[in-house]
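We call the chains A, B, C and D, going by the order they appear; numbering starts again at 1 in every chain.
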Amino acid sequence: MAESVSATNELPSIPGDPSPFVRFWTSLRKNNSAMTGLGIIAVFAVVAVFAPALAPYDPLIQIIGDRLTPPLTDGYFLGTDDLGRDMLSRIMYGTRISMIIGVVSVSIGSLVGGLVGMLAGYFGGIFDRITMRIIDIMLAFPYILLTIVIVALLGASLVNAMIAIGISQIPRYARIMRGSVLAEKESDYVLAERSLGAKDGELMFSTILPNTLAPMSVQATLGIGEAILSSAALSFLGLGAQPPTPEWGLMIASSKEFVTSAWWVVTLPGVATLIAVLGFNLLGDGLRDVLDPRLQE
Amino acid sequence: MGRLILRRIVQLIPTLFGVVTLAFFMLALSPGDPARVMLGERASQARLDELRTQLGLDRPLIEQYGLYLSRVVQFDFGTSIKSGRAVTEEIADLFPATVELALAAMVFASFTGIVLGVLAARKKNSLLDTASMAAALIGVSMPVFWLALVMIMIFSVGLNLFPTGGRMNIRYYFTPITGFYLLDGFIVLLREGDPKYLMSALHHLVLPAVALGTIPLAIIARVTRSSMLEVLGQDYIKTAKSSGIPDFKITFVYALRNALLPVVTVIGIQFGLLLSGAILTETIFAWPGIGKWLYHAIEARDYPAVQGGIIVISTVFVLINLLVDLLYSVINPRIRLQ
Amino acid sequence: MNAHESKEIILRTKDLKTHFTVVNPKDGQKQKLYAVDGVTLSIAPGEILGIVGESGCGKSTLGRTVLRLEERTSGDVYFREENVFEATPERVNELRKHVQMIFQDPYSSLNPRKRVSSLLEQPLRLHSIGDLSDRIQRVEALMAEVGLDPKFRTRFPHQFSGGQRQRIGIARALAVDPELIVCDEAVSALDVSVQAQILNLLADLQDRRNLTYLFISHDLSVVEFIATRVVVMYLGRIVEEATTKDLMAKPLHPYTQALFEAYPVIDPRKRGVTKRIVSGDVPSPIDPPKGCHFAPRCPFATDRCREAYPPTFEPEVGRNVACWLFGK
Amino acid sequence: MDEPLLSIQDLKVDFSTNRGLVRAIRGVSFAIRKGETLALVGESGCGKSVTAHSITRLIPTPPGRITGGKILFEGVDLLQIPEPKLRDLRGSRISMIFQEPMTSLNPVFPIGSQIMDVLLTHTKMKKVDARAKALSLLELVKIPAPERRFKSYPHQLSGGMRQRVMIALALASPNPGLMIADEPTTALDVTIQAQILALLEDLKEKIGMALLLITHDMGVVAEVADRVAVMYAGRVVEEGEVFRIFENPSHPYTRGLLESLPSNPLYKETKRLKAIPGSVPDMITLGEGCPFANRCPLVRPECTLAFPEPTTLDTDHKVWCYAIEEEPVL
């Protein structure tokens, strides 16, 4: 071999572990927004899992004599609602419901949407045209309206709300997936692996899929926040959780006539929703900053 | 340009057809019997059957669908079960209220959002940037109905600055002219020189418009900022700087014009979403618009009304998106035909 | 082309056309892009056929179509007299063992999420070559062959410099032991000093493994250095074909001449010599000019040039020129 | 010797990155005289563009920061004057053209109005006059049918045409002194490159401005430069008249660079190039020594310790290399 080749083995020494995951994690850790979001989500997740142990009262028990007790009074840290139920306990149990709704509906939306988008983007043709037409029609309904209509069709309940939110979110994942698959499909490295003889299945799921996860995970994170908001809205309209479930939106709805007299019954479940959604939005923003290749360098 | 518009309008037809189909089958297949809803629980079977025949509910579904379709193209959405009035008529009555609210919210959101976004991008990482982006993030994380309630709590109940609901002081005997109360108030002001209707309409509009506009505002501010930042990093900004163009002009002429392209799209989408967001806000502010009406229709399982409402809102949504697309191609010379 | 009829042919194309449909953003109308528009060429084993031309001439599309990475519009590609476009998908995959490709951008042609070892192992696995331990050995041997230390096999592409990545790309192409390699602007993204290393490596490999290259480049000096025969393309068609020596000594087609004139000379003393710089822009392959595509820029163009696309003439043995100037 | 138009003295620029501080420019000095073309040549990442952008202080800050040195333009240190005064110089006395003609023009304004804008910024012209002047500039850069093109948007022009518009934009000043051209032909096809280089030559003669040409292409250097400064990893390693550089390249890197060219007549027979082994050092871990030491065939112990002082071979030919004393001076 010519000597010119032999001396090329010097590599710039790059500190730190080299794997892309570790690289991702190191830059994520430097991202304040993402870490704050992750912290908030962690707290809510712990509350959700250990709600029975953490909550001071049964969320459903009504002590009529203590109704509308203000916060920090008589041992009620966040006061009680109009039926004398402990607000803190109800909010803690509500965390469970919101987290489950967020995760389940986003799972439905992203799995179905992701698969549809992958197949449509990769194979194109008639399947692509038909699915995209359906997606267009779904997108012609404003998001919350679509959710409301689906729940109205399925009947008002928490489970149906989850399904409705999941279905309403399908189009966005399908579009994002299709878009990134279309972009990746034409990229040199996919072309290279195709020229080596890789088959469709391998190209789709082992080559392209990992490289589409960045935009999908950003959207999924933001989607959880939005699902929590949608569930609250549905419950507020009486189409989601039914009384006496301690769902945040339902809590706000059922106490809205006390706006003038007891500020906490309306304010606190809203604040809980706000912080939880904020957590996912912060994480989503952070992920976008970290994962967006245009911002890396 | 003309060909493009025509193409886009033609492309709308299958989408709208899909919307009508989806709206019809979703409700036709949903549990519950409209006839029973109309007549109540204790109605006799004979009465129910009679009404079903009258409504065409006894015919095969596909026939009902064909019938519905043929009426929809004539803008006939049937008769509201609850009120007995034509759905089209009810919508026509309520539509101006919703449009007025949505327009006010959107003007507020777009203007404030763009200004905030531009200022934040110009001074990236400054206090203003951090603060306004934090506020924007909180804005997008809030349930809109909760914000409305909190605003009522603070500004109406607490500070007594704004009314809690309605569109006009109920003591005024006011006959709407166009249905847009701001406009009506202005017409009265011109005709009679009495500003009280205009002032009252404005007074009632502020709180719901701000509540409804907050989330779009936050989104527009964020999109404007990131779009501005992206544009400010482009080569042609470097060219402008190296040509000695003043900073102010670079930001507000060279960069903003480009940065607005994605913002226009977002404003369009948000405007469409506002119409459905109104379901929540209108209910809380007792705003007599489509949203509140649709909410009650869903509650009452008033199928013709729900179907009609959905189709109208979705059609408006689709039309707004089309309008935005066309506007986009007008302000983007890369697409515009010379 | 007659020049090689007697010899063995490894790959040939017959009137190959690859057109694309593009959508005009202005009105959404579909338009045809004539990327490759009737290319007939052949490569003999052990040859390095250079394809040179400016952007939009279709040289890269040609390279991809040869590998059936793009679908043809018409015409045929034969690998050892087997029609590539009539082969079953399984057969195409088998053929890809024989024909490989090296891409232009070493930054985008390697999957960023794979380690070098799995990048190089993949082709072996896909073509069921050897068992796992065999393959690991082969991966290390490949790395050594292209001048990479096998101890870096667990690294990811982003941890290498541009030149080293291109070595990985070359190793991957070599993994299945191909006969023909399509080098699509394989050294264009590299700095001069690194480009020289890679050119040497490609030349070494060709010697050692008796490879055949279809070497696509916009850089005349690179093609001149490495190729044995050169095809000059303009707007989807071959305008001239000759051995490198003949072509460099005397370019015949006015476009080839223009290209040569435009190419900077690495000698400041020679800059005083007045150049004949061709005017105008390269037209779009969406709407190529009528007649000879070069006619609007050609100083020798006549009415006939503007009317009809010239056939291929053979003014000297082994030289083909598509220009009316050489017609009888 | 007369006062140079632009003189860069010991310029230092740092960039902070995720991985650490990159000392991109490590003490660069060179000068350009009135009406002269200086080619700043080097491979990617050597800092030639950063140097060019530092002159008009267009380095994005952060992450970039000019940490030392002087940039004297007609005797005034551009690093010291306030931003508004610098802005007055940009586009009027010092103008720039960039590599990507596709992205360097504002996509939403017609090209004519972009040129007019620059004219109106720097002069007290009336609009009518600015329009006339802009038209004459388009004519000057040989854009066919300038009247019609005036209202065109950048996307309606070809790459070569856009680069011509960029040049017109750079000339939109009553008194152009220095044009900085950052890889002006790299994105263009070779026939178009020849047109643009010829145009630049032509304009220089007509207008008498100096040209700082940033390029990686030795061919372009040979075609247009009067003098050459060769950069490697944040340092100028050799500077001199273009004939000297090509006929007597004295730094091992310059020599290696010229020998790496496939068009070098050396290789007509051998079919192997004399490549420089190894690759460019990592700018974060690079020490104080000569950055070329790890690839240099003439490397000595002192090379890795400190960067050498320049050796002047004859008037105007300077080399920064320890090994130079051993070379016979022509």
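To be clear about the criterion, a residue touches a chain if its C-beta (ideal position, glycine included) is under 8 Å from a C-beta of that chain, and two chains touch if they have at least 3 such contacts.
From a predicted model like this one, the values you see are computed outputs, not experimental measurements.
Counting C-beta pairs in contact across A-C and across B-D shows that the higher total falls to A-C. Of all chains shown, A has the CA centroid lying nearest to the centroid of every protein CA atom.
Centroids of chain A and chain C (each the mean of its C-alpha atoms) stand 47 Å apart. Chain D has its Cα centroid 54 Å from the Cα centroid of chain B. The distance from the centre of chain B to the centre of chain C, with each centre set as the mean of the Cα atoms, comes to 55 Å. In chain B, 334 are the positions where the chain touches two or more neighbouring chains simultaneously. Looking at chain A, one finds that residues 2, 4, 6, 8, 12, 14 touch two or more other chains. Each of residues 272-275, 277, 279 in chain D touches at least two other chains. Touching chain D in their complex are the following residues of chain C: 54-55, 161, 163-164, 191-197, 199-200, 203, 218-222, 224-226, 258-259, 261-269, 271, 275, 277-279, 281-282.
By the touch criterion given at the top, residues 43-44, 158-161, 189-195, 197-198, 216-225, 242-243, 246, 256-264, 267, 271-277, 279-280 of chain D touch chain C in their complex.
Remark: chain A residues 133-134, 136-137, 140-145, 148-150, 152-155, 225, 229, 232-233, 236-239, 249, 252-253, 256, 259-260, 263, 266-267, 269-270, 273-275, 277-278, 281-282, 285 touch chain B in the complex.
Interface of chain A with chain C (complex): residues 1-2, 4-6, 8-9, 11-12, 14, 18-20, 187-189, 191-199, 202, 207, 210-211. Those residues of chain C lying in contact with chain A across their complex are 64, 67, 69, 93-94, 96-97, 100-101, 103-105, 108-113, 122-123, 126-127, 145-149, 152, 154-156, 159-161, 163-164, 167, 169, 172, 175-176, 196-197, 200-201, 204.
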